[in-house]
Each structure stands twice: as structure tokens, then as C-alpha cells.
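Going in written order, the chains are labelled A, B, C, D and E, and every chain counts its residues from 1.
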Amino acid sequence: QNATLKIGFVGVTSGPAASWGVSNQRSMETRAAWLNELGGVKIGDKTYNIEIVPFDDQKDPKRAIAGMEKMAQDGVHYVVGPNVDDGAAAVRPVAEQNGIMYFPYAFPKELFTAPASNAILGMVANYQSGPAIYKFLKENKGVKKVAFVAANESDPLSQRESGIAAAEALGLEVVSGNVTYQVDTTDFTPVLLPVIQASPDLLVLSGVSPANAPQLIRSARELGYTGLISTETGQDASVLQEGAGELADGFISVGGASTPELASETMTEFVDRYTKMFGEYNDESNTKVYALEYILETLKANPAAIENVDEFKKTMDTFEAANPFMKGDAKLKYVGMTSFGQKRQVSVPLVVNEYKGGKFETLFVGQVD
Amino acid sequence: MEQIIANGLYLGAQYALIALGLTLIFSLMNVLNFAHGQMYVFGGFVTYTVVVQLGLPFIVGLFASAIVLAVMGAAIEKFLFAPVVRRSKRDESTMLLAAGIAFFLDAVILLFFGEKQRGVPKIVNGVLNLDMRIIMPYDRILIGVLAILLIVAFIAFMHYSRTGRAMRALAQDKVAAQLMGVNVSRYSMIGFALGAMLAGLVGGLLVTITGVNLGMGGPTSVKAFLMIMIGGAGVISGAIAGGFILGMMESVGLTVLSAYGDITYLVIFASLMVFLAVRPQGLMGKPWG
Amino acid sequence: MTPILQIKNITKRYGGLTAVNDVSFDVKAGEILSVIGPNGAGKSTLFKLISSFVPATSGEVLFNGGRISSLAPHKVAQMGVVRTFQETTIFRSMTVRENIIVSHHLRSKASLFGFFLGTKQAKEDEAAFASSADDIVDFLGLQAIRNELASNLPQGHLRALGMAIGLATDPKVILLDEPFAGMNHDETMKMVGLVRRLRDERGVTVLLVEHDMPAVMKISDRIVCINFGQKIAEGTPQEIRENEKVIEAYLGSEDAAIGM
Amino acid sequence: MTKILSVENVELYYDHIYALKGVSIDVAEGETVALIGANGAGKSSILRAITGLRGIKSGQILYQGERLDGTSAADVVRKGISMVPEGRRAFPLMSVKDNLLMGAFTRSDKAEIEQTLENVLTRFPRLRERYHQQASTMSGGEQQMMVIGRALMARPKLLLLDEPSLGIAPKLVQDIARAIVAISRDEKVSILLVEQNSRMALSISNRAYALSTGSIALSGNSKDLMNDDRIKAAYLGGEL
Amino acid sequence: MIGKKLLGFIAFLVVVFVLVPLFISATGRWDFFYTLTSVALLSVGAAGVWLTFYIGRINIGQGAYALIGGYVSTILVTQANVSFWLTLPLAGLFCAIISVAIGFPILRLRGVYFAMVTLVLTEVARLTALALPITNGAKGITSIPLPGELSIFGLTIIPAFGTLSNPRFGFYIMAVLLMIITYLVLWRIVNSRLGHLCRSLQQNEELSASIGVNTAYLRVLAYAISSFFGGIAGAMFASIAQSIYPSSFVVADSVNFMLYCFLGGLGYVFGPMLGTLLLYFGWDLLSIAREYQLLIYSGVMILLMLVLPNGVLSLLDKKEGSR
């Protein structure tokens, strides 16, 4: 008889932004079910079944706090989420008071820089991937002029700002950097018209949601834009396929490790199981498989951390384990010294993909330190 | 310039069609249907399912959307709105019901159709390009024209058909309409079904261009509210005018104000508030809606 | 003595339509003056102009020699010029008594904040309103329905309530828009008596619009007749009854076959 | 004479208000019957009961020998009963034409509707002049004509009129009274007329009922009632 | 009668200040403190919305004032080092002033027009917060310090929250206090002449003006009070979350405030309080339903509306037949 280890998820799984959280929660549930099926996870001398405790915060920071309180109540010490900046900032006091480590998908540096100590960035931040992408495109595709568009919401706007800074640091010319759109826009032609008229070589869709990306691409192409289009968020290939068809060819985005060049057997099986469980895979989940894996592997490395996050924090500095989702000898370890001055970020491969004919192909893989 | 106007017209036609159904329901029942946007999204998903998943022709999908939504609208009216309107003391109470239905549809859409953005492949390919001055993909032109045809058909229906006349009468005075032999509960239901059907049709039409996702419902409702406010609540012509004006405002505003970035929508909304403060009943509304 | 109300060349245009066209007349303190005229002649509009509910296109209204047009309607009411409505306008989901009590607003000495705090003055005010409301109920003979919800009242009682609301404001001039509509002869005569007493006992100047000719003839000291927004006659009931223009435009000639 | 309508011992409530306390009236074919009474006596309530706008508590209503109570308002119209409601209730945003056509809602034969329309317009020439005008912009009297015309468009066998003279200038009241007489004469319609203008009502009707707080106080031949002292005192007053 | 009300009030005080904390410490459900704090604060905002309903206006703009209040308090605390407790009334006041300026023109609107403008207002507030430099735009303001000590003449009335072993409990007590004061004020308004006048406004504005009520003034006054409530609720929330973003209060929040009022019942002073409790708590409790949470939540909402279209408190009507 296995004991139960509860891992929390606080994020948005209903309403307009549901897709952020749903893919997140599902990837956790898929992995948990799989591990349980294999007999559980052995941490120290006990074997645990993993239980995912989800909480839908409706993308409301006030709810997110309630969710984190609930996690504390349930004795959960490890939580994945929230999915957006404001929620991640709002839960910080609760997490720190109750000894909870949480893995937000939000980029504000204050969350990860001391004195903040309990948040661990669960993916690659755009201020890390952006420069890498722009640099690659500058060197390989001769990009000189960049334009940015973003939804007028906190997360995308922050991402645009750091994107612009990165581009300028690389010596690129930012020809349009202040066009925004409402997330509910149904026709992007008027939005993009002035951007395209500035004739950039690269159009960056800052923090674009998978729902808006195909429309934006399509409108840009239909307006006659022939340059490159990229984003630093994860995307879903089938959504691009349906929404923009071949117009989306060449679109550059950040992904996990599910492209054939990189995916290990574990990753392939993960995708299969996910598809079986929920009917359809969501490529966004690629980037979201890691948090749970990191939590479990770190606990394995230091079983005392199950009840005590200080132990967890101690272990983080030295922790290293094999990355099961990638081919080759990729490692799981904590990074972030450059960006945050402390190791508060999971090390995942910075996989830059290019969409082609309904699939992603890996353009290059980078590393974050 | 031409491009801006063309964009505005296209957006306007699309918006006007969305606002029509909402204003119809509002004028008939005095219900501000918060769930209108969700109905639109539902329509889009139905078309998507029929066309992409079942592989049937687009027109079948469109019809399926219309029928599914009409049935849904009729049921919502008959089993939910009618009893609540009958028993509640204040008209506004239906807003809670409408909001509940909006949430419910959101939940149903998430469970049935998933969290992803869905789209139907273009129905016609190619882009009209008048020496770079007007660029407009053919599918948009087609949808724009279809939208305008639908609007015209709808107006004609409301004005010249017996059913249309009965619905207008119902909207203006329920008791008097009853005294003319109009079966109020039946025609309220038909009206609601018609409004919902329009929402479904627009969803079906636009899924080929903008796609749908479950998040679009709420914001779409809000936009539709804006349109009927600009034009005047409960007045069909007002809804149409409101749709075109909002479309034009967005198109012009986004171009003219693009240099100022983030404030485009701030300006649009603020000018809207000023406009309503000056003209409280919208362009064509009866005073006080 | 200056007239209590002076209407001077007042005009109201709605778009292309001139609802009231250059109308002038005076109202003496303590008189009952009726305004008659065909439907749509502009009578109600005239009342709205006097009570400042709509702004005049041109012309002005003087009350005790001071200009009241262009003041806010509640200001005009504060000065003592109060209108009742043609449509039966009441506070629908209050009882008859609540309707009357709330209408005592102008008489309150305590401030709104005072009422909020429940000061002594506020309590005195409330008590005074309640007893005055009961007086008005008695005066108008509404005892039987005092606790009835206003929305349940039939037409006739609604009109009486409308008048009660007007009375509660303690007006110097009251404008009654069709106070007898929907009443039968008996009730009309009762109301006529009440309006008289209103003038005699409370010294209120009364302006009224009415289509019930027997009542108008009986009650009025003077009558003003307007047609298509213009004043076509002014005089005593007797003069008006015989005025050719008024007969032509409004009264019609008698016809025994239909009892009129 | 055969009865077209008989109301038998009808009781009607509004929540806790007992509005009709066992009222019986009847109307014969082709007859004009007046219903007079004080405010709140229940006159409108009787009409509401007949048209099915309001359900009754007990008693029954027979129309051409068949039970009418329990029938929905819409079906009552189909059976040939039209009502001109209290306060006119025109469709304010519709043209005169559409208002009239609404009156024929229950009918489907286009040609016959055209014919009736023609008759109505001939009877009320004013409506022909204002054929395309929006109803809300017409004067009260014109609107009253229009709603009477609208009721006639259904080609009713029984016409119910609720205070058609309310708020109407004397001259127009005369026109309306004449129109009622003419309708009764030309179209062989039975009429039940509720009026506050009792003198007018008694002059143009065959029989009359006086209603007092929910029950019938007096009834009889209009000519006789006109000379009845109780009626004179309560409803007619002295001079005109 | 008065005695009975007083008794009820005392019972309520005992429940929220004694029984609830006892219950929580007995069961160890510490998370309820935050849930109930939220309920209390949201019901303060909802009380404002209810008051605008009381003058016959559908207000879907309370989120805007909550956001403004949150920013005012935060900016004062972080940039001017003002004591949080002082910023609380200041935030309310600032919102009230803003609402006078905005309300004066838009309160002329009625029905859906007013409702829609207020809906737009929420979005305007968010976009303004995004655009202004003082709000730090999209990045929001984070790491706001916990409320400090409040002392008068050296007497500590409220200890610094940073020193509390359980700030949650501190916030709970403060929020509940705020809620009680708010509803006392509201109750007093409704049962004084002010309330009667508001009701007259709700039923017929023209007539109200004709009996000499300065309708424009009264409308603005009610709206300002409403916005005051919104502002302090927002300020408290910002302090609890120790962060504020333009998206801290959005259209959905405004809609929720309105729904709380509906659910409780527009005819009952304590309707919004009950409505908030039911809807907010309901959502939390339903989180066990996982993916069916929203489905069940909205389903129940619809059912409640069907059964009790005049609000949950209309249940009491049947028994007492009074308001």
C-alpha cells in the first residue's frame, strides 16, 4: 500500500485563458497516472502514489491566493502555477509563509530574485529565449529591422518590453514597438496595417496566446508581409494548421522537446498517454511536463524535503538528474544565476522550433544558465 | 485610406450581424443576453465539428450551426427566461440568469470542444490586391457580402413578414400584441431562437476567418453591447449602425493612433463614454432604452 | 399686484415641430386657471415648460416676478411650483402612504446627513411628515387605500394619489395635468370640490389641463385655449363656451344623438 | 335575440384583491351594451376576464354558447372577439399601416384583409392621410381611431371598447361616438362599451349595466336608465 | 422590534468574531480565514453596487473603483510611506471624488446604457493603469509591505501585521470590521429618509424631481458612496496580495459584484452579503468537482434563479411577508 504525495496545481482552467492551465494540469495528470501505474515513485524508503490537487483560479489573483491557501491547508508543499504574472505575485506571501515551493509560468524577475525564495521559474523566460532567437535570426537570416506587437495585457506587454530591450542590445533596429491589440480582436488587419507598413524583417508576436497567433500570422501574410514571424511562447501545431494553414509555414516559436530530433521514448510515450487520456494532445504541454518531474526528482535526491522546503532549497544548488524527455544526456538541474542571482529556474532545453506543413521542426537548441 | 475604409466596412458588417441577434432578444424580452457571445462561439464550434471533424461541406456546417443554436435558443427561452421573467420583480434579475447561462455554456464548450483554438480552412483562397491600396482576401469579401445579405434579409423579414411584424409588435407592447391574437410565449420563443440562430450563423461564418476558442464568448458579448449602445438599444437599425460605427472606429483608431500605442482602445472607449453622456439613447434609440 | 406666474412669449420646438408657439398669459395668485385645447395642442408641453422640466426654445416664465425658466426642475419645485403628470405617475412599489410621506421632501429641515444620523430634527421632521401625510390622506378621502401598494390601484385612485403627491410638497402653484381623466361624473365632482378646497383652504394657485368640459366649466375662474401650440382664446368659462374659434377647434357643436 | 356573450357569476382576484364578486352580464347579437361604474369598480377587469388576459376564479363565460374562460388571449381573438384596451396601447414605433395590419394578424386571406383595410380607411379617412406615419407621433384622438380601426381589422363579431374617450378632446370624443354608432349599424358587430362618459355611453347603447365595487348594481334599457334617478345622481350629474 | 434587530446584530458579531475563529482553530481550516476575508471585502464592494441598484442603476463598474482604490493605497504606501491605515480611507475618498467626476455625466444614462458604460469603465480603468507611469504599467507593483502599526497617542490600536504570527487572522478581523461598518451604514441609509429618496429615484426619476428632489445630486451621492466602498475593498485586497496589477480587478470582477447583488436579492440590504458568501464560497467548495466545477457552479446559479428569481433572501418573504 503506497502513501500519497500531493502535488498542487493552481492555475486557470476555465474561461478565456483556460488553454494555459488546461494543458498544464493535463500534462501533470498524465505523468502522475503513468507513474502510479508503474507502481508509484520511490522517495527515500517509501513509495508514493502521486495525486494532483488542482485549483482553478479563473485567472484572478484573488482566487489564486485562495488556491494557495487551500494547498497549504491540504499540506501540499509543491505547487505548479499560477499561469500569469499577477497571480504569481499575489500568491507569494502565502507560499512563503506556509512553506510552499511553487513553479509559476510567469516571468517577473522579482519573483525569483532574493529576497523572494519560494518561486521557481518553470520554463524559459522570454528575456532569455528572445535574445537567443534574435541573435540566431540576425546571424542566419540577416534580420535587421524588428517590429513588435502585443496584446494590451500585463504579461504580453512586459514581454514586449524585454523583447525590445534585447533586440536593441543586439543592435537591431526596432521599427515598430508600440502597437497593441485587445485579446478579443477578431480581425487583426487594422492592427497589423501600420506594423507592416514599417516594413520589418522580423515580426515578433510578444506573449501571443495560441488562439491569437494563427490570426495574426494570417493577417500579416494577407497584407503581403513576407518577412519572418516569431514568438517566445509555446504554440500548438494543429491550431496553427487549422487557423492559418500554409501561411504559418516558417513561423518560429519556442517549444518543449517533442520534435522527432529531440524527443526521447519517454516523451513519445507521454504524448501517447496524454492523447489517450484526453483525446487530443496539446503541444503547449511540451513545455509543461518538466515542473512535476523536477519536484519528484529533487525529492528523490533529498527525501527530507517532502515535509520541509528548506531542505528542497538546499538540494537545489547541487541537484542534477537525467532528463527523461530528451534524447542524449541532457540533465535536469536548477539554473538562473545570470538572470536572478540564485538558482530559481528549471533547466530545460531552449528549443526553438519552426512550423512547417503542420509540424514543428527544431531550428536550434540553446541553453539557459 | 481606402484600406482603412475597407477594413472598417468588413469589420462593421461582421459586428452588425453579431449585434442584430442581441438587439432582437433585447427588444423582445428586455433581456440583456450576456450569453450571446457564448452562443456565437458555440455556433463556430458546431460548424467546425461538422466541417473539420465530420468532413462535410461548409454549407452543411453553417446550417447545422443555425439549427442547433435556434433549438438551443428556443429551449433557453422556454425553460429559463420565460419562467424567470414571469416571476421576478425587477427586469434586471434576468441578468443573473443570462450570466449563469453564459458561464454554463462556457463550461459546456470547454467539456465538449476543448480548450484549443479551432478553425475551419479557408473557403476561398486568394487575396484581392488593388495595386497595394486595397488588400482584401477573397474569403473576407465573401463573408462580408454574406453578412450584408443576411442583414438585408433579416430586415426584410422583420418588416414585411407577418411573423416579423408580430415580433416587432411584441417588442413594443406585449398586452396589445396578445390582443391582436399573437401568442406571446410562442413568439417570444421564436424571437429568442432567431436571435440565437443569428449568433450561431455568425459563429459559423467567422470560424472560417477568425476561428473560435472558448475565450471569445465574453468579450464578444461586451463588444456587441457596445454596438447596440452606440446605435440605440432595442432598435434594429441602431444595431446595424452601431456595428458599422464600431468597425470603422477600430479601423481608423488603430491606424491613426498606432503611433501612441497602448492608448488606442482607451481613446475609443473614452470617446464612447463621452458620446453616450451627450446622447444618452445612442444614435437611434428610444430615450432610456 | 404682480401675477404669481407670468408666461411670456414662450416657445418650444422639437426638431421641426413647434409644440408651443409664442404663448403668453398671466396667472393671478389664488385663481384656478384651466388650459384646454385639442389633443397634441401643446398643453402638457406648456406645463413642462412652466415647471422647467424641458428647456424653452425661447421666452420665459416668471414666478412672483422672478425668472424660473432654465432652473433645474427640483429648484422650481422648491420655490413652490409643482406639477403632476398626465400619465399616472406615482412611485409604483410604495404604498399610498409611503408615496405621500416621501413627497414631503421639500419640507424637511434636517439635512440628508442629519436623517442618516437620525438627529432630533430629523425625527421631528419624520413625525411631522407622517402626520401631514395622514392629513392629506383624509383630505383626499384615501383612507381605505392608504396601505395599498400603488401599483395595485385603479386609474381613478392613481390620479388622486398623483394629486396627493403634489400636495405633499406644499406648493404655492400646482399644475394638474388631466386630474379628472378616467373618473366618472360623481368622482369628478368630488375632485372638483377638492381642488376648490385646495385653493380656498390652502391658498394654492391651480393650473389645470383637462378635457372634461363640464368639470372645467365648473371649476375654472379663467380658461386659456390653445390650438397647434398657439393661444387662440382666453377668458371666463362663459366667454370660452361661446367663442367661435374654440367651438370650431375644440368643443364641437352639441349632438343629442350621442349625448354630447 | 340570441346571446353572443354571457358572463355568468364571474369572480376574479388580483393577488388578495377581490375585484369581481360574481358578475353576470350578457350581450345579444348586434347589440351595443354599455358598462358604467366608478373607478376601480371592475369594468376593465370584466373585459380582461373575457379576453383571457386574466384568469377567473369561478363562474363561467360563454361565447356563442361555448365556454370561453380558460382560452388564451390569442385564441380568444381567433374566435372573433377584439378589444380596444384601456389607454389605447398603439404600437408606438410602427406605422399606421403596420398597426392596422397587426389587427388582422389572425387572418390569412390577403385579398380579404385588403378589403377590410379599405373599409377601415374609408371609415376613418384621417388614417388614410397618416397611413405611413409612425403611431407615436400622432395625437391622442388619432391614435384612438387607429386602435379602433386595428380592432376592426380582425373582423370581430364582438368588439370590446375600454374607455375610448379617455383623455380625448370633446370634439374628437364626438367623432368617436359617431364611429361607434356607425360600426354597430354597418358591420353588425356586437359591442360591449366601457365608458366614464356615461351620458354618451347611455345615448349610443341599447342596454347598460352599472357596476359598483365588483358587482352589478343596476341594469336595464339605456333609455330607461338615462332617466333613472339613481343613475342621474351618481353618473350623469345635472347639466352638461 | 428594535430589540430583536439588536439581538440579531449581536448574534452576528458573536458569530464572526468568536464562533468562526473558534471553529477555524478547532478544525484547523486556516484557509477559511482568507476565503472569509475575501467574502467580507467583496461584499463591501457589492454593497456599493447594491446601493446603485437602489437608485435604479445597474452598475457593472465596481471593479474599476476597486482597482483605483488598490492603486491609490499602494502608491501612497510604497512611494509616500503613508501608513496603510490612513491610505484606506484616502483610497475610498479618491474613488468617491473620481466617481463624482465620472458619475455626473454618465448617471444621466439609464437602464442598459448606464450598465454598459460602467462595463466600459472597468476596461478603461485597466487600460489606464497599463498606460500610466505611476502605476508602473504592465509590470504592476509588487512586494508591497504589510500594514504597519496604527497607534493613537502611543496606544497601539492595530499592531503591525509583519509582527503578527498569523497576519491572515489580522486581515480577517479587519475585513469583517469593514464589512460590518459598511452594512451598518448601508442599513442606516436605506432606513432613513435618504433611502426613501433613493427608492423614489429608482421608481420614477421625473416624479422625484417634481417633488423637489435634487435627483442629479442624489444620484451622484449614492454613486460616490458606492465607489467609496469599492475603493476600500480594492485597497485591502492589494495589501493582502502585497501586489497589484492592472488585471487585479477586471470586467469579470465587476460582473461578479453585480451577480452577488442579484443572487442575494436586490430588495434586501443584506442580500449582497449573502450573495457574495454563497457564490464565492460555492466556487471554492466546488473545486472538488474538478473539470465539472464551472458546469455545476453555473448550473446551480441558474437553478437558484429559476426557483428564487428575486434573490435568495426572498425566501424570508414567504414567512414574514415583509421586507
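We adopt the following convention: a residue touches a chain if its C-beta (ideal position, glycine included) is under 8 Å from a C-beta of that chain, and two chains touch if they have at least 3 such contacts.
These numbers come from a predicted model, not from an experiment.
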item: Farthest chain relative to chain D (centres taken as mean CA coordinates); value: A
item: Contact-richer chain pair [A-B vs A-E]; value: A-B
item: Separation of chain A from chain C, taking each centre as the mean of its C-alpha atoms, in whole Å; value: 72
item: Whole-Å gap separating chain B and chain D, where each centre is the average of the chain's CA atoms; value: 42
item: Intercentroid distance (Cα basis), chain D paired with chain C, Å; value: 30
item: Centre distance in Å when chain B and chain C are each reduced to the mean of their C-alpha atoms; value: 46
item: Multi-partner residues of chain A (each touching 2 or more other chains); value: 14-15, 152, 157
item: Chain B, residues touching no fewer than two other chains; value: 89, 106-107, 110, 218, 222, 262, 265
item: Numbers and ranges of chain C residues touching at least 2 other chains; value: 93
item: Chains touching one another, given as label pairs in label order; value: A-B, A-E, B-D, B-E, C-D, C-E
item: Residue ranges of chain E in contact with chain C within the complex; value: 188-189, 192-194, 196-197, 199-200, 203-204, 206-207, 209-216, 221
item: Touch list for chain E against partner chain A, complex; value: 29-31, 33-35, 38, 127, 130, 137-140, 142-143, 146, 167-168, 237, 240-243, 245-248, 250, 252-253, 283-284, 287, 290-291, 293-294
item: Contacting residues of chain B [partner chain A, same complex]; value: 3-4, 7-8, 10-11, 14, 52, 106-107, 110, 114-122, 127, 129, 132, 135, 137, 206, 209-211, 213-216, 218-220, 222-223, 250-251, 254-255, 258-262, 264-265
item: Chain D-touching residues of chain C, taken from the complex the two chains share; value: 37-40, 86, 152-157, 178, 181-187, 189, 211, 213-214, 249-252, 254-260
item: Chain E contact footprint on chain B (complex, rising order); value: 26, 32, 34, 80, 83-84, 87-90, 92-93, 95-97, 99-104, 106-108, 110-111, 218, 222, 225-226, 228-229, 233, 262-263, 265-266, 269-270, 272-274, 276-277, 280-282, 285, 288-289
